[in-house]
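Below, each structure is written out as structure tokens.
In the two assemblies presented below, subunit A is common to both, partnered first by subunit B and then by subunit C.
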Partner chain A sequence: MNVTVMKLTARGLLGRRRALLLVILPLLLLGLAGLTRWASDASPEASSILANNFSMGTLLPLMCLLVATGVIGAEIDDGSIVYMLAKPLKRRVILFSKLAVGFAAVFVFAVLPTMAGVAIAGDEGGELSLAYGLSAILAAIVYTAIFVTLGIVTRNAVVFGLLYALLWETVLGGYVPGIRAVSVRQWALSVGERLLGSRQADEWAFASEVGMTTGLIMLTLTTVGAVYLGVRKLSTLTLNSVE
Partner chain B sequence: MAENSAVPDAAPAAAQSHGVIHDIGFRHYDGERLGRGWIVRSLLVETFRGVFGLGRPAKAKIMPWVLVGILFAPPLIFALIAVLLGLDELPLSYTAYPQALSLIVSLFVASRAPYCVSRDLRHGVMPLYLSRPMRRNDYVFAKFAGLALALFAILAAAETLLFVGALLAKLAVGAQITGYLQGLAVSVLYALVLTSIGLVIAAATPRRGLGVAAIITVLAVVAGVAAVASELLIYNGNETLGNYVGALDPYGLVDGIAVLWFGVDSAFGREVTLGFTGGVAFTAAVIVVVAGGIGLLMRRYRKVGVA
Partner chain C sequence: MSTLQLTGVSRWYGDVVAVNDVTMTVGPGVTGLLGPNGAGKSTLISMMGGFLPPSSGTVTLDGEPVWRNTEAYRSIGLVPETEAMYDMVTGWEFVLANARLHGLADPVGAARAAVEQVDMMDAKDRDISGYSKGMKQRIKMATSLVHDPKVLLLDEPFNGMDPRQRMHLMELLQSLATQGRTVLFSSHILEEVEQIAGTIEVVVAGRHAASGDFRRIRKLMTQRPHQYTIRSSDDRGLAAAIIADGSADSVDVSSGALAVQASDFGRFVQALPRLARDGDVRLLEVTPADESLESVFAYLVAR
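Entry: the complex of A and B
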């Protein structure tokens, strides 16, 4: 990790009006959470459905995409990344610094709002918030790693990321059951499900398609794979202005 | 990427009416100059082709064609379903089709709108355009029309596929022709409204990735808020207000117009019962969005390349 790289990244991510874009979605979630509480009398089940579908299904991937674009996509886009790459720093260090800043931002702008959303919409003794918080942290790590790497590999990271997050998990998963098990969200939820215990999880509609062991293995493999590929791709990055 | 910059010349001074820089020190050109209209036309064609990656390397073609492919797949499936199950109408109506695939349509706009404008902004080439007999507003018009035409082209092509599929499945021809024409009308409105929103956001930033993310976030958030708010209002008995709030979403707005003017079923599955007033209000809203979008773009481009 390199403090200067982290500082520069944070400024590129949050500087000027860009932080505004990161606040819109969390605010929307909190508003929806308030509405859910009002409409369902703070039932943990309704709260869980909101968190599962909106927080985990839409907010988290979308925020990770926005952050990933902010930490590396924009710099590659305008070519200013060459000044950073030209410094005597290992590419690994640059990527790790950027990942750390990205994860911190996602934690503040997506994971904490997810927990707050559950707490607002309805919870019992903080258990549901904790379960969703844990799942959200795991999902955030994996999504950040995937999307930052995607941002290095292609200029169209946002579109492909969205196609994966929304089309793959939501639409295709609805028709082909097997696809639902190949999803970051389901892997992350498996850990929260174990934390709640199966009886409680059933009651609160907190369900995952896979078991915790599978979930953790897949999460680790995906993260390590994505980071490894990211370092490789950043080491051999060529800038072109094709698009 | 200034148009015609590869064709330098030194026309007689008398022919140069409005301070156009032609002689930039290369070989002279004494032929005919096609003028402002032709430049706008060329920029429009270039924008339209660029949206689909035509005339660009293979890498630039992947993304638009992946989205177009996804947009064109369902009509084929629908035609098959209609043939196999012997239905007497399509599983999804012509006017509801763009809304059903709103995610793909939004992604197309979000990814292509920044393509149209952000490179010129980032590389600061606006003065090069303006050194030709082209005005700032011509540039805005060409970019707007190029993107809107491209968007209309893919929507209309998808509607045509639906129509062909319906004919092959031997559905009633009269009803299909009406539906197809309504679908085309809706496509025009979608193209104009979405282009307007997309370009205004895209022109605000020279960073393409940021533009893509901003457009998709805005469209997703607006759609989500409008859907939830109108659902709640209708659920609580305030149908009129609920219908108007639902039209805050561009897809809800165009869908509302289709329901009120053509009498089709809403793609959102809600009853839109606003009658003639609603139809006029929605139409006015579309005009405001498009005119406002073009107005904002013109205002934005008055400052580009000055400082």
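Entry: the complex of A and C
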């Protein structure tokens, strides 16, 4: 990792106007959590449904997409990444530094709000917050890796990312059960489900489509695959105004 | 002292050939890469800077390939054409960050030297987003000079500069070259190039059209068939006299005016008034038909 890359990346991420979105979406979640508490009398089950559908299903992928475009996509689009790449630095180091900044941002702006949302909407002894927090951390790592790599591979990363986040995870999963097993959210939830124990998880509607072993294997494979592809693509990134 | 060597370099995008079998050696001193817009200058510079692999051929810096070789950036300074930088930091912070990215032993000292060299000490603490185009260009220069590179590649550095900034940059490039550095810049303006470039490489439509010092390029560009359009009191009579005299290669009267092509520019210009006077023809208008740079380039390619 390189501190200068991380600093420049962080300023690029937080210094642009779109950084406002990083605050607005979590605030929306906290507002919804308050409403849920008021409407369902702080029941952990309702809280869990909100966290599963909104936090894990929508907020987290959207925030990761937003952060990923902020840490690398925007720089590639406007060409300013040339200043970072035209240096005697391993491209791997640049990518890892950017991933670290991206993950830290997602942790602050999406994982912590997810946990806070659960605590506000309804929890018992912090167990549910912890389970969702753990799942959210895992999902955040994988989503960040996927979307950062997507930003290197294609200039249309936002479109693909949105299609994945909104269609694949949310809509298609509702109609085609098979798809549900191929989902970062489900893999990440499998770990939280194990943490709660199956009886407690059932009671709080905390369910994953896959078992924890499968979940962990898929999470690891996807992350390693995405990072590997990202390093390779960044090493051969072409920059040319004529293209 | 460093030398960039391009050997049989081509680059194509699908069916479009952007650079076609270019072989050139860029050594110490100022080299101007001259060509009309869309000739492949940027593509060449991208390949020299390691941001584009050649489709065929090799680009090497002192024998080492540039593509996928980040160590080459210890010797290369790159001034890209894109204006985008990290707008939310100050000029000073940005140059300093570039020094740190290079892993220099004394980043603050190196950044100060670079910012002084481009004469930006007064404005260094302002945000880049508030800079004028010329100031941005100078900060871009500073980032590329911060590690004291042996090779400097500049893509259209004079674009958008006012005459004073242009002069300042020309002096800077020349002083860098006298220190033994290899400086290459691209431009589509001949006057700009011939003022400072010791060597000129002309690129047209992706091909390496000519190479040499500015006198040679000038000569190539002036000693070519010149075309004139002439209107006179007796076009046909004058045409006959010109052909009989032998001072022009061809004469065409079909378009209503007299179109003359002469390969010996000096001889034709001297002969024309004499022929008109002898034949009692009044010259109404004499215009060179193709003095634009594009037609000069087109001629060099067809040659």
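Note that in this section the second predicted complex is superposed on the first by the 237 of 243 C-alpha atoms of A that agree within 3 Å, B and C clash if a C-alpha of one lies under 4 Å from a C-alpha of the other, contacts with A are read in each partner's own complex, and residues count from 1 in each chain.
Rule of thumb we're sticking to: a residue touches a chain if its C-beta (ideal position, glycine included) is under 8 Å from a C-beta of that chain, and two chains touch if they have at least 3 such contacts.
Small disclaimer: the values here were computed from a predicted structure and weren't measured.
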According to the stated criteria, A:Ile24 is in contact with first (subunit B), second (subunit C), both, or neither; which is it? first
Touch test for A:Leu66: subunit B only (first), subunit C only (second), both, or neither? first
Give one of first, second, both or neither to describe whether A:Val108 is in contact with subunit B, with subunit C, with both, or with none. neither
Partner chain(s) touched by A:Leu229 [first = subunit B, second = subunit C, both, neither]: neither
Does subunit B (first) or subunit C (second) touch A:Asn156, or do both, or does neither? first
Report for A:Val82: first if it touches subunit B alone, second if subunit C alone, otherwise both or neither. second
Name the contact category of A:Arg16: first (subunit B only), second (subunit C only), both, or neither. second
Just checking: does A:Ala207 make contact with subunit B only, subunit C only, both, or neither of them? Give me first, second, both or neither. neither
After superposition on chain A, the subunit A residues reached by both subunit B and subunit C are 78, 241-243
Residue positions on subunit C within touch of subunit A in the complex are 13, 18, 38, 40, 42-43, 46, 49-53, 68, 70-74, 76, 78, 80-82, 84-89, 94, 97-98, 100-103, 143
Residues of subunit A touching subunit B in the complex: 18, 21, 24-25, 28, 32, 35, 39, 58, 62, 65-66, 69-70, 73-74, 77-78, 151, 155-160, 162-163, 166-167, 171, 241-243
Considering the complex alone, what residue numbers of subunit A touch subunit C? 2-5, 7-8, 11-12, 15-16, 78-80, 82-91, 235-243
Taking the touch rule as given, give the residues of subunit B at its contact with subunit A in the complex, in rising order. 56-57, 59-60, 62-63, 66-67, 70, 103, 107, 110-111, 115, 119, 122, 206-210, 212-214, 216-217, 220-221, 224-225, 228, 232
